[in-house]
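Note that the chains are named A, B, C and D in the order they appear, and that numbering of residues resets to 1 at the start of each chain.
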Amino acid sequence: MDKLLVLIQCKDEVGLVANITRILATHQLNIIAMREFVDEEEQRFFARISCSASNTNIDQLKLELEKALPENAFVNVVPKADKRVAVLVTKEFHCLSDILIRNYFRTLGAEVKCVIGNYENLKALSEKLEVPFHYVSHEGLPKEKFEELIIEELGQYQLDYIVLAKFMRIISPAFVAKYQHKIINIHHSFLPAFIGASPYQQAFKRGVKIIGATAHFVTDDLDEGPIITQQTIHVNHTYDAKQMAIAGREIEKSVLSKALELVFDDRVFVVGNKTVVFE
Amino acid sequence: MDKLLVLIQCKDEVGLVANITRILATHQLNIIAMREFVDEEEQRFFARISCSASNTNIDQLKLELEKALPENAFVNVVPKADKRVAVLVTKEFHCLSDILIRNYFRTLGAEVKCVIGNYENLKALSEKLEVPFHYVSHEGLPKEKFEELIIEELGQYQLDYIVLAKFMRIISPAFVAKYQHKIINIHHSFLPAFIGASPYQQAFKRGVKIIGATAHFVTDDLDEGPIITQQTIHVNHTYDAKQMAIAGREIEKSVLSKALELVFDDRVFVVGNKTVVFE
Amino acid sequence: MDKLLVLIQCKDEVGLVANITRILATHQLNIIAMREFVDEEEQRFFARISCSASNTNIDQLKLELEKALPENAFVNVVPKADKRVAVLVTKEFHCLSDILIRNYFRTLGAEVKCVIGNYENLKALSEKLEVPFHYVSHEGLPKEKFEELIIEELGQYQLDYIVLAKFMRIISPAFVAKYQHKIINIHHSFLPAFIGASPYQQAFKRGVKIIGATAHFVTDDLDEGPIITQQTIHVNHTYDAKQMAIAGREIEKSVLSKALELVFDDRVFVVGNKTVVFE
Amino acid sequence: MDKLLVLIQCKDEVGLVANITRILATHQLNIIAMREFVDEEEQRFFARISCSASNTNIDQLKLELEKALPENAFVNVVPKADKRVAVLVTKEFHCLSDILIRNYFRTLGAEVKCVIGNYENLKALSEKLEVPFHYVSHEGLPKEKFEELIIEELGQYQLDYIVLAKFMRIISPAFVAKYQHKIINIHHSFLPAFIGASPYQQAFKRGVKIIGATAHFVTDDLDEGPIITQQTIHVNHTYDAKQMAIAGREIEKSVLSKALELVFDDRVFVVGNKTVVFE
């Protein structure tokens, strides 16, 4: 028996679950775990249904589901397969190395096709861990040209997701538009506190007792995209901005890992600037 | 529109969710949130379905569901109503007061019908917060007689649950049998560490860096009943056993509150010596 | 043997600890626990020294310490005694009741001399738990007059601290000035996120996955005073603003309790808009 | 200005801190941060004093301190320097890779001199990350002979600590005796719950809602050595033993990292089967 994942997002109406599960039953799919949510304000219905299956005709199942659901329903039937991802970095190693190690031992739920860096210092690590590294410097280039070079590299791979693992350049709306809801960023603060640059310096000056990190999808508004997951840790008066940054790295690494696990396991739906996450 | 809760536990088989949701749809019930789980090892199916309803014939709905499900299915259709509970205490105030305050301001999800104490020191608090207090001393009585007196008091009220809020007497299998899966206890340790007496003294001697508390249903085996929820907090070398106990009270209070919220909101299913909790 | 607390804040210089501890030794004080911190940026020295003592001449000890330390040193020698506090409330019961229960059972580390409310609904609870309640309505009064009435009530008691336990009126700089670093507020968000009104509504709209609460000293700048402690909890897509507020109450209660414990145990030093907290 | 660390453990008596700090002052050492603790039960005094120093005569300082302290005082004056460590592994990569990555980027606070494995599957990773890997199989060997081979490899390096990063062989008292308080183990459970083999299977069967991990120094008694640090995470009914193990890996990695940071930064004192940790 294989496992199959059915993902649905549509307008809410009475009888949806009955319709969906009736169709699943006619395909002899046994539901292992079903997560369902209705956003009552937006009148949207979300479901993630994990089934055990054998010899399912996936196209046929998808078609039947679409017919039975309200117009413009999003239906996806996903056989268990690794996602294809690229990772963009600048200089910091902590998030990248965590991803590369999981990739190397095949526990990431995705395959890292390449790393792209605007500095060269993470090239050795990437290559040691058997992932191609493309060096694309931003120096002396207009943003447009810099991004064009990156997009060219990305174009070599059929990618499901792009991970910004401490990539410290702001990306343009044009870039974002090309990869709608496909770019995942780790922000080094507990959004919406300390939006923008130098969050640890800001946090230190404010004398906060907690710092955090936020993984989110990237949209045009800086640091305003749909949040996937967040975590916080306690700090105290003995931490200066630099020590907060060091402590922050651990939480950044952990939050990004968690977000990738959720996204790669198809547990995250985007709706407006929010997410529904079936943990 | 009212809210209605449908609770189901039965043998797992293909098509269950389809059957259930088809019946709900024929009753014009709109599913707001559905939580479903299959224990693959035990081949058991669990569902908690929250619906918006109007003028539902509850008995009819229950009957139809039972017919459509495997034999010996447990089906419950619960209109939103406060549970009726009694609280048993010894001397410590922290868990009881949290319950009584929530009860006083009607945010407990239950109505506390009485407090029974084997000491008198919590009588004043109970009565101030408008809950009858029955003093039943254990002194000089065989356990059997002591419990008989308690059961007599409990018998005055039609109770859904009995909460042991730091009740420091071990209760007998006979008592437990009378209230199968209806007695909730807060254990002052992170089970299964430090089973039995003086857990904080044990924890201090072992030099642990974390202590915890466990809320569980009571069964015949001391401290071995199905766990509802647990929490832990950090301690360090500056805590002696007494300070651990003080810190532990906060976590006991918090864990018991959480467990009661879950149980009173019909989110907890018992299966063997475990629980399924739809948080 | 009694316990004595020595609190020091002054300009940093070489040999401070040696000087301080030499003087303590001449008074036959045995140091049980010493916490010391140098803010290297501000060149400030902080110490909290817990000693076991017998028949110490406190005034003499204080004098000798002041002589031995840099000019303008703040020195305090505190015999273990409960603080005297007033609590200001509006309508919400969760923070107040936690304080009153601890007060009633004498585990607060302070004595609550009175509760002042701008609504009457918490009067019954306060009085049941044996604390006088003063009702001071803000309705129809200019802020100045309203605060004058409160200050009049407060004036009856020699207070060490004023606790704003969900007091929903913004207090004026004049009021703050009267009780410099003596007013403790619980803010219903994880500052500096969601400053100002309706933080849970803001949090819901932003789709955050964590909410929090902040206890801080009150200064002229709204929500900008020195932070004492903060905590966060996870929320998810199933929480609307109202459910976030309900979950938030637990964390508000817990954070305020923790902050009061720290302040009443003389573990918090204020320096600029920050705190040094010897936990 | 350099930083110097002064570590002291001795019998408690009046005037210790005064004596110590007087001597530090005569050496023109400015105290940056001082942590001090008295174990009142054991009458033991512990101090960790971080100083800024220039041209300190370390031997002379140490001598003067020893003279001024009670007999058998342990005094150590530590210039900031990386520790020298070996890591022992079996098959699991998650703890080792975290250590090796930090080592590779020089943020571990220690230098990993070698990895020793009783399987070969982590050899490639170690060597890619530029640490020698010694393969020492246990197969067909009596424990005594197996450990002899390991000790031989270890003997090549002057080691401060040996880290058991999921090394799944029980080591003998003879081995432990050779490296008293120098061997750090990560135990895959929240000790003292689930001592011994298959803790995740045990945890699953008990239906716990929290799992954890424990880093501790190794002593003769299996899983009974002084605990350095512990952490827990929430699990629920959807986790089987295998999924608990997967979730557990994250916490094991995190706990071991934290413990190593504390130990390598000389923040951990061992006293009997407990630790004093100046976090």
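Note that a residue touches a chain if its C-beta (ideal position, glycine included) is under 8 Å from a C-beta of that chain, and two chains touch if they have at least 3 such contacts.
Since the model is a prediction, treat every value here as computed from it, not as a measurement.
With every chain reduced to the mean of its CA atoms, the largest distance from chain C is reached by A.
At the interface between chain A and chain D, two copies of one sequence, more than half of the residue numbers in use are shared by both copies. The distance from the centre of chain A to the centre of chain D, with each centre set as the mean of the Cα atoms, comes to 35 Å. Distance from the chain B centre to the chain D centre is 41 Å, each centre being the mean of its Cα atoms. The residues of chain A that reach two or more other chains are 33, 37, 40, 238, listed in rising order. If you check the complex, the residues on chain C that touch chain B are 33, 93, 97-98, 101, 104-105, 125, 128-129, 238, 250, 254, 257. Residue ranges on chain D touching chain B, taken from their complex, read 37, 39-41, 190-194, 206-210, 212, 226-232, 236-238, 240, 273-277, 279.
On chain A, the positions that touch chain B within their shared complex are 12, 14-18, 21-22, 24-25, 28-38, 40.
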